[in-house]
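Here chain A shows up in two complexes: once beside chain B, once beside chain C.
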Partner chain A sequence: MLVFAISDKGGTGRSVTGTNIVYRHALQGNDVCYLDFDFGSPTAGAIFSVSAVARGAPENGLHEYLRGDCTQPRRVDVWAESDREALRTRPPGAGRLVLLPGTESGGELSAFTDEVVNRCAQLFGRLEEEFDLCMVDVSAGRSFTAELVLAATARLPAIPFRWLVFHRWTRQHIIAADGLVTGADGLLDVGARLGHDREDLHDRIRFVRTAVLEPDAAELVGLRDEQRAWLSACDGELRELARRHGVGRTAMLGKVPLDPVLQWREQLITDEDVLASKIANAETAAAFDELAKKIVDDSAWEGL
Partner chain B sequence: MKIQPRQQLLELWEAAARASYRDGVWNWGGRDGSNSISDAEQLLCFMYPAYELPAFRLDTPDDTSDDVLTALSVLGDPMGIPKLLLDVLGQYLRKYTADDGRPLFSGGSYFRPQDEEAKVTPEQLQLDVVDSFSMSVTLALGTLGFLKIFERSVRREKILREIGELRELAGKRLSAAMTGLLRSFTFHTFDPGSTEGRALLRTVNQTGAPERRVLDDLRRALGPVRAGLRDLTHGLDSRKKEDLEENKNLLFECGWTWGIVKDAPDVDTRLDIGPQPKGVAVDRPFLYFTVNALVGIADLFSERTRNLGLLNDDQLTLARAIQHRWDLTQSYWRTIATFGRGVWPLEDIPWRTVDERESDYYSLGVTAMVVQSLVKNRSADVDLDRVAGVLEELAIRARITRRAVADDPPVRMHSPGVAINLHGSDTLGPHLQWVVSDFAITLLKRTIWAASIAQNTRIRERLLTLADQIWRHILLRRHTDGPAAGLWDQPGNVFGDIQTRDQETSWYFTERVVEFLVSAAKSIEGPPLRSPQLVELAYQMLGEAEHLLDHELVKRPLLPGQTIQPKLGSIQASLQRARAIISDRPATRRR
Partner chain C sequence: MLAMGEVHTGLLQNSGEISESTCRQVLGLMAGETVRVSRRPIPHALSPERLTGVDCALPSASRSRIRGVGTVVSRCAVTGGRVAQGSSYVRVVRSEADRRLPWSHYLSRPGVVEVLGKAKAADLAEGFVGDPAPGCLDMGAISGRFLDLVQASPLLDRRAPFRIPRTSLRWVAETGEPSIRFTLHTEQERTLRLTHPGPFTPAVVDLCEDLATHDWLLTSLLIIVERARIGATPGAQAVARLAPAIDHLLHLWMPAARVEEWLRPFWESLERQPGFTRQWRSLVDRVRDQIATSTLALLSAATEAGRR
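Our next item is the complex of A and B:
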């Protein structure tokens, strides 16, 4: 299964949520890999705490592979190469967790040729055979990268794929997330142009809300009642807005609550962070866990 | 116990979901087994609030509120709930359709033989009942409304196809129920000198006036209804109308009998409803069934039905014919119940029917029609005050707001209930009865209706206090354990004399509780009652405050660095807000 992670705007927490989902999926016993296609700023290495590729790989990164400069992109086994103590040993029962970093100072993709698409498709095909889940981090907004992976998947009709659109729970983000999917030159437009069936592609897209502050969250305990009533009314308005933009509950795969750890430092939330040092909230880990299950659960994608 | 409709509806939904859906299977039936009415009642426990109250909508998964989802979590996730409803609505609509495509409105297990030894025949079980027509109108409208909105959230072909099929089935059921209602409406004529005539005259003559004059007055008062009945079309025997036309001396009664009238002609309509069944019911209105029909019919003209445009042109024709009967029936019973200048016949409890039977149940039925008519006419509070007196009296007599003594006869009204003889059913087997035991909840429903139209604070308070008292009684009658925990009805909790303990839910009673809670929620939605004196007082206080502020602003020299400025600004803002809300909420205090 290929999963493409995209967000409507920068700073939504796409990478940190995506990596955490992949991490949880590995803990659930699956072999997973994470492809950092965010060529402008390949920072997935930092989130996995692999300092050797913290800002992308010095050589043999995904850039070079796509350009044809190397035959195989570099692979990082997170369980072996991470600097974090908690990640360094593979927990019993967990599957493989592999990172394919981008190239350090590789730069955003500015155009692509047919060969690039072919190489990309080949890579996807190979990895899909090898891993249960491959998550591809496709940067923010409309980009050549998004177009590239749409073109590549159009050439791989037999390989199942899904898209996750990450967005925050605010007016602007809700509108932008909808625009990214259904707007002019959005995913559906571009996908249809590149040979995807529009309806079929639409069915493969789900939204994930990040940094959500529920009106009844513990963080809001200190607020005055008037403020809370107002927040609750705002939440209702957003819900209404989301429904009108097709970003409502029916199109949502899950939501991740606001967590101080993710706000201050983008990192994987391990069980140790929740249970031992207690710096992260249990709800956050639970949300990642659920997303990691739902992402491959067909009934969660069935929809209406 | 204050009535809190939202919380209580959510609690009820949670309990109803638990009782209805176990291990992935929908459990039909309850205390009285599965039949077209009980199953509709069970579904309406969910569909009715979802249809009537915006906060309880289940048709737009994107908008369903979180507490509703928590209450219904037994039924599935946000998208699973409407899918399950779709499934069970389909089960219901298909189960109660005959092989020839005719929708069934059979009383089934609700029929009881008069002689306990006798066995009800299969043909009798299949007889259509007015209760089922009435429930079906409400359920079909709820279903159609649900489908219409839910469809917008659906993209999958399979679900869309199912929605299309159900829309057809529900539309057909609605048309058939309306036809049934037309064919079970009747009026009954009798001579003033007959036993029936004398009974009616005795009822309306509360002041002992000369009979001749009462008769003249009554004829004059009923003139418009008589004229209206003559003009009725659809499903009425034309000979009866001629009878009424030719004999201006005859008195009459109008309303619904228990099922389709014997020899009722078919309703001429282009709607596809399958063959129209033959009737056996006696050609005479029953108070209980009349009230029952009126309740379901009201949904046909509700605001939501009109807004969603749920009826097609042919259905609208039928609905108009029904509405005509609705108006006539209401105005007939209101005329009778409030006749004369002294004590109302309604206040002479218990009500006596023309066949000389007496029961508090009949008083309640007539009160229901009077209240409904008052609701419709936005009537004067003077009338409401008298109705409030009747409602209070009924609550006392039924031992709802008073304790029962040992062997108290009124207790039997709650359990086992009052049996109504279904005359005409004996042509197909033993004589059948219809047992009704919804006195307490119906009384409560009428009380909250009356309260919702009261314009006078004192009368409203009086009615709401009564409603709270009855509600306390009803709450005590909930099951406390077993599969039906949190649902109704266990009258043994309140009345020591009642020994029977049922384990299963009575959907009959529970659905009526839902109806009540929905009316209660709706009556709270509107703005609060405002007393004119309070508004006047608030204006005077505001005037004084504004004058003082202006005075201060004129007098005070403007100097830089004055700390008083922000203070004055905030006073100005407060007064501005006061002006904005003064006519809606004159009692608001500045904080």
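Our next item is the complex of A and C:
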């Protein structure tokens, strides 16, 4: 299964949510890999705490592979190479957790040729043989990278794939997330142009809300009644807006609550962070865990 | 001087095993050329051979610049309708000329790479099974591409019963006093140094491919058994995780089935040390014992329920 993670705008928490989902999926006993296709800023290495590739791989990164400068992109075994104590031993029952970093200072794709699409399709095909889940972090917004992976998946009709669109729970983000999917030159437009079936592609897209502050959240206990009433009204309006834009509950795969840890540092939330040091909220870890299950649960992906 | 090659082995990306006729179509890489099929003791299909022209540096342990020109032979195989392989090899010889000749010269010698200038066989051999420098002749890339060709066939449904890595076997064969050394490197990389009596023949490639198939089977079964976490998970769960091995792998073990008589002693020596079949049998027994104990537990639970 290939999963493409995209967001309407930068700063939505796409990478940090994507990596955490992959991490939870590995803990659930699956072999997973994470491909950093965010070529402009390949920082997935930092989230996995692998300092050697914190800003991308110095050589043999995904950029070089796609350009044809190396035959195999570098693979990082997170369980072996992470600097974080809590990540450095593979927990019993966990699957493989592999990162394919981008190239350090590789730069955004400015265009791509047929050969690049072929290499991309070849890479997806090989990884899919080996891993239960391959998550591809496509950068924010409309980009050549998104177009490239749409072109590559159009050449792999038998390989299942899904898209996750990450957005924050605000007016602008809801409108932008819808625009990214259904707008002019959005995913559906570009996908249809490259040979995907529009309806079929639409069924493979779900939304994930990030940094969500629920009106009844514990953080809001100290608020005045007027503030709480205002928040609740806002939330209602946003729900109505989301429904109108096709970003409502039915198209949503899950939501991740606002967590102070993730606001301060992009990192994996381990059980230790929740139970031992208690810096992260249990709800956050539970949300990632839930998303990691839903991503492969067909009932969550039935046609809309 | 010597022969060297690389074999990539993986699980055929199909839900079940494929029939002989499908094999023929999947491996029919070239119109007009036939796919060779043998049925006993295990179905095995071999594609026609294709050539890749090369003019590049050859790997060398001393990192000296050695230029080779010629063609690499590649082919694909499917064993038991289930295990797919991409395999490439070359025979390295000294060139009689000191410059590159017209391509017709090299095309009339398929699978031969001629070395321009000086080179020592030992240096090349060490360089190839060691850590080849980037930019050198990369037969792994060629074999990988051929395996991709098979896996991307529209006749396959791509719904493989389990996910499993490919393995690669890099081998070097020389003429001399018989010896064999099989080495495991990372989880997916293996090397083989072989010294055989008499001149090189393609039968040596068959031996290497046969070894690669069995090493992949063993590696994959080990992974599946590890994933089952016998003892740490409830019996029924462990058995469910072992099931794909029973359905798709256990019947494929057929060592030296396609190895010529004069090369059999090499397999036999590997059977003594490290003992491929010994390890395979012990794993198979472990799998079957799990099934047996789980069946017993189910039976006694059923009897218990019947009494109540």
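Convention: the second predicted complex is superposed on the first by the 302 of 304 C-alpha atoms of A that agree within 3 Å, B and C clash if a C-alpha of one lies under 4 Å from a C-alpha of the other, contacts with A are read in each partner's own complex, and residues count from 1 in each chain.
Please note the rule applied: contacts are C-beta pairs under 8 Å (C-beta built on N, C-alpha and C of every residue); 3 or more make two chains touch, one makes a residue touch a chain.
Source: prediction; values computed, not measured.
With the C-alpha superposition on chain A as described, chain C and chain B fit side by side in the combined arrangement.
Once the two complexes are overlaid on the shared chain, A:29 sits against chain C while remaining clear of chain B. For chain A, the partner with contacts to more residues, out of chain B and chain C, is C. Shared-chain residue A:159: touches chain C; no touch with chain B. In the superposed model, A:248 makes contact with chain B only, not with chain C. In the overlay built on the shared chain, the residue A:271 is in contact with neither chain B nor chain C. In the superposition on chain A, A:283 makes contact with neither chain B nor chain C. In the superposition on chain A, A:104 makes contact with neither chain B nor chain C.
Of the two partner chains placed by superposition, only chain C is touched by A:70; chain B is not.
In the overlay built on the shared chain, the residue A:189 is in contact with neither chain B nor chain C.
Closest C-alpha contact of chain B with chain C, superposed model: 23 Å.
In the superposition on chain A, no chain A position is in contact with chain B in one complex as well as with chain C in the other. Here chain A touches chain B in the complex through residues 199, 202-203, 239-240, 242-243, 248-250, 302-304, going by the rule given at the top.
Every residue of chain C that touches chain A in the complex is listed here, in rising order: 10-11, 13, 134, 138, 140-141, 144-145, 148, 151-152, 154, 156-160, 163-166, 227, 229, 232-233. Every residue of chain B that touches chain A in the complex is listed here, in rising order: 60-64, 78-79, 82-83, 153-156, 159. Every residue of chain A that touches chain C in the complex is listed here, in rising order: 29, 31, 70-72, 92-93, 95, 122, 125-126, 128-132, 158-159.
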